[in-house]
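Let me give you the structure first, and then I'll get to my questions.
The chains carry the letters A, B, C, D, E and F, assigned in the order they are written, with residues numbered from 1 in each.
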Amino acid sequence: MSAPISRFPVPDINAVPDDIRQMMLAVQEKAGFIPNVFLALAHRPAEFRAFFAYHDALMLKETGSLTKADREMIVTATSAKNGCLYCVVAHGALLRIYAKQPLVADQVAVNHLKADITPRQKAMLDFAVKVCLRSQDVGDADYAALRMHGFDDEDIWDIAAITAFFGLSNRMANVVSMRPNDEFFLMGRVPRK
Amino acid sequence: MSAPISRFPVPDINAVPDDIRQMMLAVQEKAGFIPNVFLALAHRPAEFRAFFAYHDALMLKETGSLTKADREMIVTATSAKNGCLYCVVAHGALLRIYAKQPLVADQVAVNHLKADITPRQKAMLDFAVKVCLRSQDVGDADYAALRMHGFDDEDIWDIAAITAFFGLSNRMANVVSMRPNDEFFLMGRVPRK
Amino acid sequence: MSAPISRFPVPDINAVPDDIRQMMLAVQEKAGFIPNVFLALAHRPAEFRAFFAYHDALMLKETGSLTKADREMIVTATSAKNGCLYCVVAHGALLRIYAKQPLVADQVAVNHLKADITPRQKAMLDFAVKVCLRSQDVGDADYAALRMHGFDDEDIWDIAAITAFFGLSNRMANVVSMRPNDEFFLMGRVPRK
Amino acid sequence: MSAPISRFPVPDINAVPDDIRQMMLAVQEKAGFIPNVFLALAHRPAEFRAFFAYHDALMLKETGSLTKADREMIVTATSAKNGCLYCVVAHGALLRIYAKQPLVADQVAVNHLKADITPRQKAMLDFAVKVCLRSQDVGDADYAALRMHGFDDEDIWDIAAITAFFGLSNRMANVVSMRPNDEFFLMGRVPRK
Amino acid sequence: MSAPISRFPVPDINAVPDDIRQMMLAVQEKAGFIPNVFLALAHRPAEFRAFFAYHDALMLKETGSLTKADREMIVTATSAKNGCLYCVVAHGALLRIYAKQPLVADQVAVNHLKADITPRQKAMLDFAVKVCLRSQDVGDADYAALRMHGFDDEDIWDIAAITAFFGLSNRMANVVSMRPNDEFFLMGRVPRK
Amino acid sequence: MSAPISRFPVPDINAVPDDIRQMMLAVQEKAGFIPNVFLALAHRPAEFRAFFAYHDALMLKETGSLTKADREMIVTATSAKNGCLYCVVAHGALLRIYAKQPLVADQVAVNHLKADITPRQKAMLDFAVKVCLRSQDVGDADYAALRMHGFDDEDIWDIAAITAFFGLSNRMANVVSMRPNDEFFLMGRVPRK
């Protein structure tokens, strides 16, 4: 009953443009497998390049006060609101690894109000969920609430942009029925030996 | 940052009535630990007894066409809609074990439409989610859709009753902030040796 | 055009197990008729027993500050949110009788914010409605709001548990199309002579 | 704890313009009391006159296939969706009287899908509820569904207009906290001698 | 692909009752064309008369602190929430003209929180939107918020009544697919020479 | 009362990286002004580049059956659902120009079901709105409905990706309160001389 990676054709790694293949090989080298989002989105090379350029600008940036775990926590919580299986599973795995907390991804995916997170992280996710579900209502009070927890305006942009970018990702994954790699489900749950 | 089992006092196992202690010891014998729902609900012995009598009547019954995995799948999917951390994690574990599928619980918790389940299970969850979220709209068409997948009326009662009973459980767990035991998160994810 | 009691078979009172028949006869003795919930749920004796054990643990308990009228008011208000005809009509009748107020049940069924109730009862129903519709969002602020009106934690458990239990009842009644006895509609509306 | 008729000043019957007083006296003559909507809206005579002219154009018209009971049923069902205490209680009373059915008003106020009504009336209320809650989605399929039950276009206008007009009434009653007269609650529940 | 004015028959101006024709000619004299709402509603003369009597009582009244622009702003913002093409376009035009602001109508139609309006107008629209979408929740806090911006109770009635009346209008326009005159789209966007 | 372009600092065109300045000058050359989205997003050059690369991949592509007007129609309709003032106004302008229809943008922004569009465009927008608001429910039936109107799978990807990308854009614009240039409001409404 296992579903395909995508409703759309998935190109062979040998058939994709060189730069995309290099990206695939690099992530395979690091993770041990090629995450399906690389394969599914390679169906459209120009969109693929823009997608990962955006992703890297937000998720690999070295400035600001959001940790890598914070960023993956935003992705996990908001992707759950959008019912996006791929992103909850894949980014939940990254969250477990970066946070070194095997339980936190499942917690924020179900209900961040019950998760083992700090008040600052709760405020961060409250805002991310609002940007995800009703960004039209965001206003001064939301900025003020975040500043009370030490977030500055650049952090607020980061939270919003990560939420917005993965909202795009969630919609594409939902529409193409993108399947998370089986490997993600277990990553970060058991201590590495 | 780990939260307590419940907002309410949790009785010592030695302080609970005999019949309740026997139930706790029996589940501990079987599972290796006492699930927190037993400890949290023991705060009210009379409700505890009714809760587990109801639970057993629905989840341990030997009649009908719903498998144990089907029943836990209903609990996992509808508890996710209610944002109930305890039930998604605890019953997701049972679902993985009964279904012998390490991925299915995470799948139905995020979006049952993308899960590796049968069309019959999809119809079952479509109905369960409707009972969970807008039971006032249930009618003839819902019965007809389920019968097309081979469910009889007793199965339909079972799906509805499991959903309704765990809706009760979800609300109590949400209100008392019931914490799932850490053990549940990993159960059924790796093959038993 | 009068509908049957339930979509499911309704057992003859002479065909049900002795303990269930005794319960039916007792309520008939007291009320003058057998409420249809007894007949409809007797289709499943084990569930019947658990249901009424739970019901009695919550609705007949002698401790806590909730009056019988308060409890029926919670049931009436939340059952209306769930669109449950049986419970609004049957428990609305009990509310009128316990509160000795012929208008209050119709008021809370339509909009508790416009009902002739105390600020304390309004706070109680605000919380009950939240538990009914979005228990995942319940948190510290809800507890604090209730304590300001003199409710202690055990009262809060009571409000939540009554709401949760009748949420189960509402879903079963909706799914089986449980019909309220005609007698309930008029009970408590005119002074007993 | 009984609330006033309206948050706004209620004019004395002797202080209102003649034509409005005549209307009040006429309804008092017929009903035995002055419904509070007359008193509350008399605060604004020009709006009062337009309101009742609109009301009479829709509710007293002699053409079309909607019975008086049908029209009051539309008002009762849609006013319940808008949480309007005044209209559910007052028009529920009229519905009971016109339909000569003591139970039907409570039924459609809670859930018209479970009411003792005809399939034609169910289709009528399905449409009225859609006009009430999401008129922006009304289209060809809604017209077709109604025509299948024998409604012609003028009937469809009537259903829509009654729903729309009482949506206005519901909003005014909610904002001014219009209180239904106590007399309405019991009207039509017991046979007239 | 241009749609008709209404799903229902539109009477010829020479065939309508005299008083209605006079109203049509008067508005044509002033605006240069007959707004389609006059033609579409003339299908039902009695309702037409009540509709415009109500309209004029609210929109032409000389008392209270709401400007003509404020009133049209309420209509534009709430009609957008109801997805009513006719009213957004026609009253957006009037708003542009009365406010002498060519941008404000498009702003409040999309999101009044981002519009070039005063804090007082924002409070007015916050309330109007609440009356439009969930009038059942209106209460003391809403009155208090408006009074803080200098609105008195008569102003509050005006805001509510305008919202409620155009809620009626929106539903009728949606159901009959009332088409805005092409002229409205451009009115007030360019300075009159 | 005119608001700034963005809550965040807007860089001077002379202070932005060369490639970004070239893009700004090119659009200024073409449109006569620099759309504020270029200025607001230039606050983050890396994100700016990814944003416009993505934008161009979707909106400037030469393949597929979607016209430029179709694409801007998708943006206008879904941005309205997200309450995004910038995108409704800016892309509404482009829609008017590409479609050579001065009315269509206001129509689809308020309610695409009432717009002067083809059945094929209506199906396209039905799908886009679903991807915008509840992409988790997209499935086979949605693909089938689009294929009936002649869309192939690559078109479906395009509709989804445009909706998803502008969902990102909408959220960023809402959070930073991005202000549409005044010029957009009138563009395409009057024939060019």
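By definition in this document, contacts are C-beta pairs under 8 Å (C-beta built on N, C-alpha and C of every residue); 3 or more make two chains touch, one makes a residue touch a chain.
Treat the numbers as computed from the prediction; the structure is a model and nothing was measured.
Asks: Among all the other chains, which ones are in touch with both chain A and chain C?
Replies: The shared contacts of chain A and chain C, listed by label, come to B, E.
Asks: Rounded to the nearest 5 degrees, what is the angle of the rotation that puts chain A onto chain F, matching CA atoms?
Replies: The C-alpha superposition of chain A onto chain F needs 180 degrees.
Asks: Between B-D, A-C or D-E, which shows the same interface as A-F, counting it as a repeat when over half of the contact pairs match?
Replies: That would be D-E, since it shares over half of the contact pairs of A-F.
Asks: Can you check how far apart chain B and chain C are, centre to centre, with Cα atoms defining each centre and the answer in Å?
Replies: 24
Asks: Hey, how far is the Cα centre of chain B from the one of chain F, in Å?
Replies: 44
Asks: Between chain A and chain B, what distance separates the C-alpha centroids? Give it in angstrom.
Replies: 28
Asks: Please compute the C-alpha centroid of chain C, do the same for chain F, then give the distance between them in whole Å.
Replies: That pair's centroid distance is 51 Å.
Asks: Could you list which residues of chain F touch at least two other chains?
Replies: As it turns out, chain F has residues touching two or more other chains at 83-84, 111, 136-137, 174.
Asks: Tell me, which pairs of chains are in touch?
Replies: A-B, A-C, A-E, A-F, B-C, B-D, B-F, C-D, C-E, D-E, D-F, E-F
Asks: In the complex, go through chain B and note every residue touching chain C.
Replies: Residue positions touching the partner: 7-8, 43-44, 46-47, 49-51, 53-54, 56-58, 61, 82-84, 131-132, 135-138, 143, 153, 156-157, 160-161, 163-165, 167-172, 174-176.
Asks: Which bits of chain A are touching chain B when the two form their complex?
Replies: 1-3, 80, 83-85, 88-89, 102-103, 106-107, 109-111, 114-118, 174, 177, 179, 182, 185-186, 189-190
Asks: How about chain E: which of its residues touch chain A in the complex?
Replies: Contacts found on chain E: 111, 113.
Asks: Give the list of chain A residues in touch with chain E in this complex.
Replies: The contact residues of chain A facing chain E are 136-137, 139.
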